[in-house]
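Input: structures, listed below.
Shared chain: subunit A. Partners: subunit B in the first complex, subunit C in the second.
Entry: the complex of A and B
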């Protein structure tokens, strides 16, 4: 895209994109680490996820400040306006994604408390991986102004939803067979729900990216797991 | 005009231009512009200097007639009537299609006379009492009455720039025009005087078909419902103002309004 006549405007937009790329990288890492901590009963790694969420929150505040500054001083128009508004909305969503990862990490010590092997745990990392990739791709789509990649993210949400339904059924069956594990498994249900929500939020980001890149909205679609089981 | 362009044109046009070309000598300043303007929407013409927006505006009340080298082709109608037809009375046309200029240009006469002059020569007032009514009504519509009602016989040139511009708008209104053309009416005014003119434009919308040429894109965004972007004598894009400023279809429009115009 051609440069603005006013160079400082381009620099500010670049800074904005840099911050959002960093935020996306951190959110994806938080999801990955939380899943790893869950699998390994690693309290230290879980505590690290909780601590590192502060930086994600800080980036959100920084982006908000920069967006307000750009709107006030540069009066952005057209695709510039769509970009900065999308940035403002995206950081609020990614902050939420960071919170879901943090919430998963916070459950690790409780799930690990009895040092029991919980077979259904093995299903969660692949679900977490798909959701994490959706987050990463949604933000890559923003960086590259790539509407096709955004559409691909939206379409992948059903994978996470299917995972969720499958994990839900597996956990319920497991709890029936192993009533002593109900307390831990209940937490795993929340973990699965959090990952499912991360997928939904990544989809929201992708929709904002699509609008910013094209000026048109994606058609409305079904949200959340197809079967109402919660 | 394509079907899409047609669909963006207002339903009840007050003025219609079709394939209008303007030549200054051999130079083609306007290269076949087709556009409709109506009473319900303020239409803004934007574009870089030399793009032809002012030249085109001036074709709408034949101000280009005064430029010896200028030649206009195509058709422009007012209520379906060809304004370039030989039967058209140009003085009458300019009463129906009034104009406000960049620099406020009140007559070096009293505030009262500035307003009363037009209605008097056009025979719109039968008596002094009629004229008083027209003067008050015009100044009220121009948002100036409260500020000048106690000094109607002071010179118009003694007013501030913003007041002078509103006086000129009042003068245009006084002859009961159908269309008001404004050529960068705020470029010589401070932001407060500008805001007053913009508010006035907002109030006049619906009573007159208003067309405003402005260099200030924010102003076009604030006052208009339709925006036309001109570039190098072409009408590049014409559409609903919100669309033009949030999602322009043409690359040239986008580059211009986002500040990427080289």
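Entry: the complex of A and C
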């Protein structure tokens, strides 16, 4: 590439990375707010999470447009091309994380309907926090191309999976003992599942980062043992 | 592009379309087999669905490799570039559909554990059939670039959503009346949710096809009203 083309390319890559960082920050904030809304039965905060998800979707669209522009104008070679395609995959994953947070927020008004305090809710914020930290670290690993941090993210997914299995059992027991709460607890099951899936998505990002940084895949592990063990 | 380059490009696009068609066929088959395994408590068939999902994942990886190769070697222009990037997005969606079918299959041994016949199971095959047909039609719409068929797919998603809401209510009632089945019914809730999400993914494909064929977006609709109404 000519020197001015390289400069333009580098600037575009910086813009791309900035958009991904903004998107990641918004997804993390969405998880935190959704969990807070759930704990506090705060419908307004929940509605805010739902509304703010539109910006996350818009950033994904912006990244796609920019990637197509970069490829069309700069014709990046091998590694650079793989990097911009990887950006597309990362934003698709972050968009899904945003959707999971939105889904949790959408359930807040239904779960809060009877103003009952469902004890199993108390388990969810810690689970949400671990998943949120995984998202943050996965995106930090991406920004710094840090394979060690990526491995740490992947390893932490078992914490979220164990949380999920525990929440699942607790909720089932609670439903048996409090049949009047079954409908709300069913929604809480989905909330727990959404958090567990956020952990899986952070793991996906971390695996992509590890592969991009080292050229090797991490050893195969079964995602979401919860699917079987719960 | 020079004539031989155009020919090579066309052949590569054909290969790409062939891989997507194979992947779609496999995802449809996976949905059908998973539903059959669920109805018949057939663990072997369920294990087969889980095993065969690896081929779906492998095709996605093949498509990604081919797309990067096409871009690097052929430097496709505007519309062609958008088409190959769209292929990446479509295979990501079909891969998710395969995962949902796999998740359903993974729950078969847990749901079948007590050899109990849970009446709400009887609702699921029809729901699965509608979702499977949506996937088939969405991929046919993609192959034929048919915006009308794409619209028909999007419209049918409300059928799946209504099914889901009905299954949700039926399961909650059943759990209240049969507390011993709560754990298995919780798994059935997730099965119903997975089918509902398959309908959403087929809708995603149909929306992309519509946009690619007409240059316009379909009017915004809230995916999965089930998130609120169930």
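Quick notes on this structure:
As a convention for this text, the second predicted complex is superposed on the first by the 219 of 230 C-alpha atoms of A that agree within 3 Å, B and C clash if a C-alpha of one lies under 4 Å from a C-alpha of the other, contacts with A are read in each partner's own complex, and residues count from 1 in each chain.
In the analysis below, a residue touches a chain if its C-beta (ideal position, glycine included) is under 8 Å from a C-beta of that chain, and two chains touch if they have at least 3 such contacts.
Worth saying up front: this structure is predicted, and the values here are computed from it rather than measured.
In the superposition on chain A, contact is made by A:172 with subunit C only, not with subunit B.
More subunit A residues lie in contact with C than with the other chain of the pair subunit B and subunit C. Of the two partner chains placed by superposition, only subunit B is touched by A:9; subunit C is not. Shared-chain residue A:81: touches subunit B and subunit C both. Taken together, the two complexes place residues 75, 77-78, 81-82 of subunit A in contact with subunit B and also with subunit C.
Of all the residues in subunit A, the ones that touch subunit B in their complex are 1-6, 9, 74-82, 215-216. Across the complex, subunit A is touched by residues 64, 67-68, 71-72, 75, 77-78, 81-82, 85, 88-89, 92, 103, 106-107, 110, 168, 171-172, 175-176, 179, 182-183, 186-187, 189-190, 193, 227-228, 230 of subunit C. Those residues of subunit B that touch subunit A in the complex are listed here as 217-218, 221, 245-248, 253-255, 257-262.
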